[in-house]
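Labels A, B and C are assigned to the chains in the order they are written; within every chain, residues are numbered from 1.
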Amino acid sequence: MCLAVPHKIIKMLDKNRAIASAGPVEVEIRTDIVPDLAIGDMVLVHAGFAIEKLVGTEGEEICTLWEELREVMENENVFPSN
Amino acid sequence: MEKLNIGHGSGGRLTSEIIFQILQPFRKENVSPYLEDCAIVDGNIAITIDGYTISPRSFPGGNIGELAICGSVNDLAMRGAKPNFIAMGLIAEEGLAKDELLSYMESAAKVCSELSIQLVTGDTKVLPKGQVDGLYITTCAIGTPPSNRDPLGMHLITPGDVLIVTTEIGQHEATIAALRYGLSVPSLQSDCAPLWPLVEQIIEMDGIKCMRDCTRGGLGTVLCEWAESTSLGIEIEESKIPISNEVSSLCDILGFDPLYLACEGCAIIAVAPETSEKVLSVLKAHKLGEKAQIIGKVTEEHKGYVGMNTKAGGRRLIDMPVGEMLPRIC
Amino acid sequence: MSSPQTEEKMVLKLSQALNALLSKEGNKSITIMEVCGTHTVSIFRHGIKSLLHQSFKLISGPGCPVCVTDQSEIDAAISIAEREDSIVTTYGDMLKVPGSWSSLQECRAGGKSVKVITSVAQALDIARENQDKKVVFLGVGFETTAPATAAALIEAKKEKLDNFLVFCMHKTVPPALEALASSEEVSLDGFLLPGHVSVIIGLEPYRFIPEKYGKACAIAGFEPFEIMAGLLEITKQIIKKEPTVKSMYPRAVRPEGNLTAQNLLNQVFEPCNAHWRGLGEIPLSGYRLKPEFEVHDASVRLEIKEYASSPPPGCRCGDVLKGLISPIECPLFGNPCNPMHPVGPCMVSSEGSCAAQYKYDRRR
């Protein structure tokens, strides 16, 4: 229901506005909802507003899931190996 | 009372519907069942006409003047015809800066001279302020179809044919969308270019069946039209479709599907399988075709439909877009 | 960041793992609702269903704000656009939705002022530039979208930008999930929860789902591998009979949500009962402007009357939204209802489950 794309903060304009980039696309965004941003921060942007700062690395949760699954699945044959 | 809306002019399903209705009164005159972008008349004359309106009139990679020549030239080139003459009609709004108009003519003339095309006749109208949005250009291009072969067209497509896209898709409309929706993409520009110099390289080769430039409605629309008109299936691989980072990032942000974005210098070519690799290598040797890729093939399966194997390993249908593409937040 | 190739492999492996889990359980039938419309689109667009065993059913929920917006609200929005003294600003999603007698797109074709914006900040700019007009922003969307509306309202109030009005149709997700989880008609094993709503509200508001109704829940992002991981997590919970709320999207979702956003929502809005298309009235599932913001409330300033309108005859969008039928089971699907001539909102919204089914998968 809500399209949001990761952007990197590349310039702070004022308290509530920043320039952010998603790959080669640069756009002015509002930062009202995510205070204390700094240049280099990764944020999720929805409808022109940053809605959260992204932390950690992509796929972390999936690695954990993977490990848990290994325990669940005793039958190693059906479980795809790395 | 049903009124026209923007969607009727956006390519895709509504456009097909309105064109069908426009042609109805002409039925007796026997309109070709295959709607191609250019007609071959009297056996040796290729002719096409197209209207151009774009906002903004100048954009990274081109302007309305250049577009008005490239667009019509490309319609000829797609049936293998060499462009020779242009007729041009201008409808301008009172108050348009003369220098601006002339700068577009400079750009248009430059393309003509590169391709040795002669401007042979034209018309200029100025309408009161508010009746036109700046400037509309209509061009009619006349050319020579290849003499030693049937004109290219959908009727030649057969199962097994290989589909080649000549360059990265969606560059033109993405450029315009970025301007319209306030996104800055310094490295993005329209692919606006005359395709004849590229087509000239391959037109004598065996196995070339059909070509289309992926304008309004984009690659997706052309493929759907081919599948529906020929009653054959089309199968493409998402991972093979050339697309720039710029276009795919912009699509992520605005919620667009790049398959439906208009191009102005990109063609899709159906080629017999035995010559496809050779055609591809000739295309790749030309600067307009450096990024050409084989993206799929024509099949006897799922007749009338376009299927795509997705990057994620799944399968889905490609349908014609309906109406204007709007940015979505949801 | 992982490369696209790694992600592709991951999707495949995750789906193999899921299918293996299912087959170990004798291909037990499992039904999961993906709540979010963006998940729906992603699932269709990447062909994810084609990777899963047929005993695993994914049904689309009420998570498309356009689809669940009541016909009466759409009619009210159109009536605003028909006024001479207004400029309607809207996200592109709403433009084509048919009301009882027109649509915003038709209003625009008829010369009315309807502007498509990509951020409510642009609506503020339009209000500043057109002080002689009432600039009405159509506030649709869930918790993800509402904080931006709240921030704009606070700014307008501070600036005394009294010609900036909001027609508030914002809705909240957990009450709708409660309506679904408690429904006797709908039989679900679990929910794939919306990633970006969860960014704002966190995990707590969903706890009642496993605790009270015993249904499995995972929050997921929107890449195919993220969706697949969410589905796998839910399946695991179902098989182990340990329903809980697990975030598979911790990169973006804090357990407590975004407190700044929650604070903005509380400053500007108060909960109200809301009509959801298909689900009917759900207590305290909508937002309305607090009295302090009345000067910006379009329904007050423009005296919007309640349009008593019923959904188009034969349209089963309601049942589709509840997951009772799949789009192809609706007698109107395809003919006469298709993206060219949408009868109901699920066909018109690009993330509507009917439109997604028609566009990506109608030959199934």
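Methods note: contacts are C-beta pairs under 8 Å (C-beta built on N, C-alpha and C of every residue); 3 or more make two chains touch, one makes a residue touch a chain.
Since this is a predicted model, take the numbers as computed values, not measurements.
Please work out which of A-B and A-C is bridged by more C-beta pairs in contact, and write that pair.
A-C
Which chain has its Cα centroid closest to the overall Cα centroid?
Taking the mean of C-alpha atoms per chain, the most central one is C.
Chain A to chain B: how many Å between their CA centres?
36
As a quick test, compute the distance in whole Å between the mean CA positions of chain A and chain C.
Using C-alpha averages as centres, the distance is 20 Å.
Chain B: which residues touch two or more other chains?
Within chain B, residues 182, 255, 328-330 contact more than one other chain.
At least two other chains touched by the same residue of chain A: list those residues.
1-3, 46-47
Going by the contact rule already set, what residues in chain C reach two or more other chains?
Correct list: 12, 37-38, 64-65, 91, 118, 122, 141, 145, 225, 351.
Residues of chain C touching chain B in their complex?
So the residues of chain C in touch with chain B come to 4, 7-8, 11-12, 15, 37-38, 44-51, 64-66, 91-93, 95-96, 105-106, 108-110, 116, 118, 122, 140-141, 145, 224-225, 339-340, 349-351, 358-363.
Could you please specify the touching residues of chain B with respect to chain C in the complex?
3-7, 13-14, 17, 181-182, 254-255, 257, 302, 305, 308-317, 319, 322-323, 326-330
Going by the contact rule at the top, pick out the chain C residues touching chain A in the complex.
1-2, 10, 12-14, 16-17, 20-21, 23-24, 35-38, 63-65, 91, 118-122, 141-142, 144-145, 147-148, 151, 194-197, 199-200, 225-226, 229, 232-233, 236, 239-240, 247-254, 258, 260-261, 264, 351
Spell out the part of chain A that touches chain B in their complex, as residue ranges.
Result: residues 1-3, 5, 22-28, 45-47 of chain A touch chain B.
Which residues of chain B touch chain A in the complex?
So the residues of chain B in touch with chain A come to 178, 182-188, 245-246, 248-250, 252-253, 255, 328-330.
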